[in-house]
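Labels for the chains are A, B and C, by order of writing; each one numbers its residues from 1.
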Amino acid sequence: MVSMTGLLWRSCRKGNHMWSTSGPRGVRRTAAALLAISALALAGCAGQGGTNAGGSDRKLTVWIMEGTNPDARPFFDELSTAFRTQTGATLDVQFVPWASAHDKFVTSIAGGTTPDVAEVGTTWTGEFGAAGALVDLAPRVQQAGLSDGLVKGLTEAGTVGTALYGMPWYAGVRSIVYRTDVFTEAGVTPPTTWDELVTAGQKIKAARPDLIPFPIAGDNEYGVYPFVWGAGGQIATQNGGAWTSALDSPQARQGIEFYADLALKHGLSTPAAATWKETDLRDAFTKGQAAMIISGSWTPKSILESAPELQGKVGAFPIPGPSGGLAGSFLGGSHLSIFEGSKNQDLAWQLVQLMSTGDFAAKWGAESSFFPGTTALLQQAAQSSDPLVAPFAKQMVEAGRSVPVTPLYGQVQGKKTIPAMMSAILNGTPVDQATSTAATEMNKIFAGGA
Amino acid sequence: MRASSLGKGLGVAGLLLFTLFPVYLMVVTAFNGRANAGSRSLWPEDWTFRNFTFVVGEGGFGRYLTNSLLVALGTVLAGALLALLAAVAVARFRFRFRTSVLVMILIIQMVPVEALVIPLFIQARSLGVLDSLLGLVVVYLAFSLPFAIWTLRGFVAAVPVELEEAAYLDGASWGRMFWSVLLPLVAPGLVATSVFSFITAWNEFVFALTFMADQDNYTVAVGLRRFFGQYGTDWGALMAASTLITIPVMVFFVIAQKRLTDGLVAGAVKG
Amino acid sequence: MTGVVTTLRERTRPGRGAATAGPRPGRPRRSASRTARPWLLLAPALIVMGGLLLYPLLRVVLISLQDFGLRQLVSGRTSWVGFDNYAELLGDADLWRTVLPNTVVFAVVAVALTVVVGTLVALLLARLRPLTRGIVTTAIMVAWAVPAVTGTYVWIFLFTPGDGLAVQALDALGLTDAATANPFASRISFYGVATLNVVHHGFPFVALTVLAGLLTVPQEVTEAAIVDGAGAWRRFWSVTFPMLRPVFAVVTVLSTIWDFKVFTQIYLMPGGDGVNRGVLNLGTWSYVESFAQNRYGLGAAIAVLLTVLLLIITVGYLRLLFKEDEL
């Protein structure tokens, strides 16, 4: 491969040379080279395509979502070494950004270019499994005696009928991350009701006009759910196996309206946030531009890592309910799944086991600040007194919720129904109209005709 | 006259600003060590190569550059060969359906390739060339061919037939004539079409995005998206990578410029 | 792109008839191999174009008549649904309210701007001294050479809400409030940025083509017009423009085709990949339906609609060429 590349490089230089050569002879000579090389170039490319498409027998391609664990590279170096010692096989770990991951999975499933093993977001597992792309892990899990030790919410999300399409790997939940120093300055304490949230935001706005008190990102569906649930609404309801969107219910609308009004009426956000993703929220917080953001249990650590000057100034509190209590927050996470297209499913299962149980699972949880997918490890983590862990643990244990458990919901997410709704509202569409549009769209997908 | 030359000066200045400013900003940001920290200056306080070393090293961009280079090179060479042969056929021979072939080439030049992503994806899937550089080469070859044939046809037709006849009179075979008379004379046309094919292949985004699953097979246009990462956009890296992508195309343009503009303008000025 | 110029040059050049010199048999007709030779020469190119352009074109029409999802793709079974996809497409209010206006209005505005800017630049270039012209031409080449992908990122960078340089500059001019403006949120400003991007990338082709045409206008004609006392504006409309009418027609049609199907520049902008439904155009919509939703049938129907629109424009283009060129 190296020599082939070298050859092509040289031929490229020769090709360039052609431009400066004048006169028929030089041109002819280059033309001869050109013809010969074209064959080589194609052969070179073909060869390369071949090695990647087929994959050698003892190599697994693994897709991991990017950014979950700031120390992911050393972690996977270590994992690769351990796996090679155990099985003699090598790993090709590739990091996929969350934002484009769903589209990439869908396209690769359609194209038959899936990896062997991948981290799959819990809301997608059912969808890909139902499409026939994932291996049913239930028999293997049972055989390995792991059935009872897995976190229930995560196995539920990965189950379609009797098939388990994803091995629980880790779980997380979103709460509100805030700047303790700003709170002190503005004289507020973590809010425990929605009214207090508004008041806190307004006080921060008055005390620190240079900061965005609480940015509302348009392209962040997990920021919307807590307010739908908090107001007593539902995303969708199930009736005899059929799902119906409930986004246009009065409760859901009330919650969404409150959430949007934080930006539109109370001015706690910035219009720029209408196109923000969850990552932009974190970006704004890291740059010291935001006072509170809805953010995952896994983020404080990476925030502090990229902005050491915030050390000691970051805290977290659970998302409150309208008048006390906690608002539900999406209990999300990831499964490890094996693709049907994999030629090495047994080997892949060995890797999944290695990653989701024992030392590597604990290490991943510790490094990524996620909660592990096995009950034993989760209970350990929930006892934590760390102020950047405890609020999240509380939210997860007391108010962890799931989105509708149906493969069709993955399609709803793929269609970006909620972000589209939210960005429309933030851009001025009335809540009633936007929620109706979103509910219609969701129902269309639920109806199967999509 | 004074006013008009002032107007011209202003026009030139405005034009240079509009054409070059985005490029300038790209390069300056690429060298800005604080671009990530939100620095948006026209002149970086902190000149550095760090963005470039990050992009090529940890960012894996070296791999993407190699891939793109292979794909572009394959497209250029195969395209030049196929287009030249076809151009000779339509410019030098009179045969049945010749006009139909020409019209067809014209029409398919207008086909929006974006509309073909779906069928080509399915075709590539069944041929097993998804996720391979070869698949992209073949697709780009097809895209650049109609234009290349159409262009080269003009160049071939412009070569006086008398030259060919002289070669035949000297006892040359058709192949020999092609090699020693025609090829050297249409070389400027080949340059023009090669530049076009190179750019088609190097810049293409939709198919590279759709066909490639394994990131080891990414081309530069798709690889760039990686810097829209999980922690907000890494503008320094993004611009450094963009600069790396843009340079070859620019060098290509500038080197070929004389040939290109000669080709464009020669007949007009000297003819 | 050069090809158009070449053909034009051939056509507009009086006298020497390289272009009008149709193919002449080099030597007396000899054998069957002589008849087969052009086809042998054409074969590789025809096979590639047939297999990768014509056949898929047919295929996309067939797919648009099917319910084509992941299941069909994997199993290879087809399920014909007639014109259901088209019915759904044409019955979708978003098509008429959002997607089609986005596509058409954007194309019209971008093409008009591209052609006007390109022509003005060409007129300017024609008046410059060779050295200056060389420098400016190089600058234009640089703008042309910037790949669509990287160019798009630079424009996004410029217009990033809050701290983008262009947003800051507009703020300084009092035209907008940097703290609250988000150029990517509203349809108009989103496509405004896209238009800047596309014009910046597209005007060099127009400028250089028109320049090549301008240089073919005989000096005497212009001089005669000057003697007649015609001003620059009159001179352009009564002398230059009529002589270059085919050049303008071609650059306009080609720009229209390019701007109609613009994909990359839209898809990469914030919200352009389907999140912001208000900014979808035919190209991005077709892609999102297909590759994010696995609804290849509907995606194909959208692609067919796009192709048909372009075909109508192409017919205009062909008419234009056939009138002047005997091929």
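Observations on the model:
Methods note: contacts are C-beta pairs under 8 Å (C-beta built on N, C-alpha and C of every residue); 3 or more make two chains touch, one makes a residue touch a chain.
Since we're looking at a predicted model, the values are computed, not measured.
Greatest centre-to-centre distance from chain B is found for A, with centres as Cα means. Across the assembly, the chain pair joined by the most C-beta contact pairs is B-C. Centre to centre, using the average C-alpha position, chain B and chain C are separated by 15 Å. Taking each chain's centre as the mean of its C-alpha atoms, chain A lies 37 Å from chain C.
Among the residues of chain B, those in touch with two or more other chains are 38, 81, 121, 125, 210, 225. Multi-chain contact residues of chain C (touching two or more other chains) are listed as 73, 291. Shared interface positions of chain A, i.e. residues touching 2 or more other chains, are given as 107, 110.
Chain A meets chain C in the complex at residues 102-103, 106-107, 109-110, 131-132, 218-219, 270-275, 411, 414-416, 419-420, 423-424, 426-427, 450.
The part of chain B that touches chain A in the complex is made up of residues 37-38, 66, 69-71, 73-74, 76-78, 80-81, 121, 124-125, 128-135, 137, 179-180, 183-185, 187, 190-191, 194, 210-211, 213-217, 225-226, 228-233, 255-256, 259. Within the complex formed with chain A, the chain C residues making contact are 70-71, 73-74, 161-162, 179-182, 184-186, 270-271, 273-278, 291-295.
Within the complex, the chain C residues that touch chain B are 1-3, 5-7, 9-10, 12-13, 16, 18-19, 21-27, 35, 37-39, 41-42, 44-46, 48-49, 51-57, 59-60, 63, 73, 120-121, 124, 127-128, 132, 136-151, 153-155, 157-158, 163-165, 168, 200, 204, 208-209, 211-213, 215-216, 257, 260-261, 263-264, 267-268, 283, 286-287, 290-291, 296, 299-300, 303-304, 306-307, 310-311, 313-314, 317-318, 321, 327.
For chain A in complex with chain B, the touching residues are 5, 8-9, 11-12, 15-16, 18-20, 23-25, 27-28, 31, 34-35, 37-38, 41-42, 44-46, 48-50, 52-53, 61, 66-67, 92, 94, 96-100, 104, 107-108, 110-115, 279-280, 282-283, 286-287, 302, 306.
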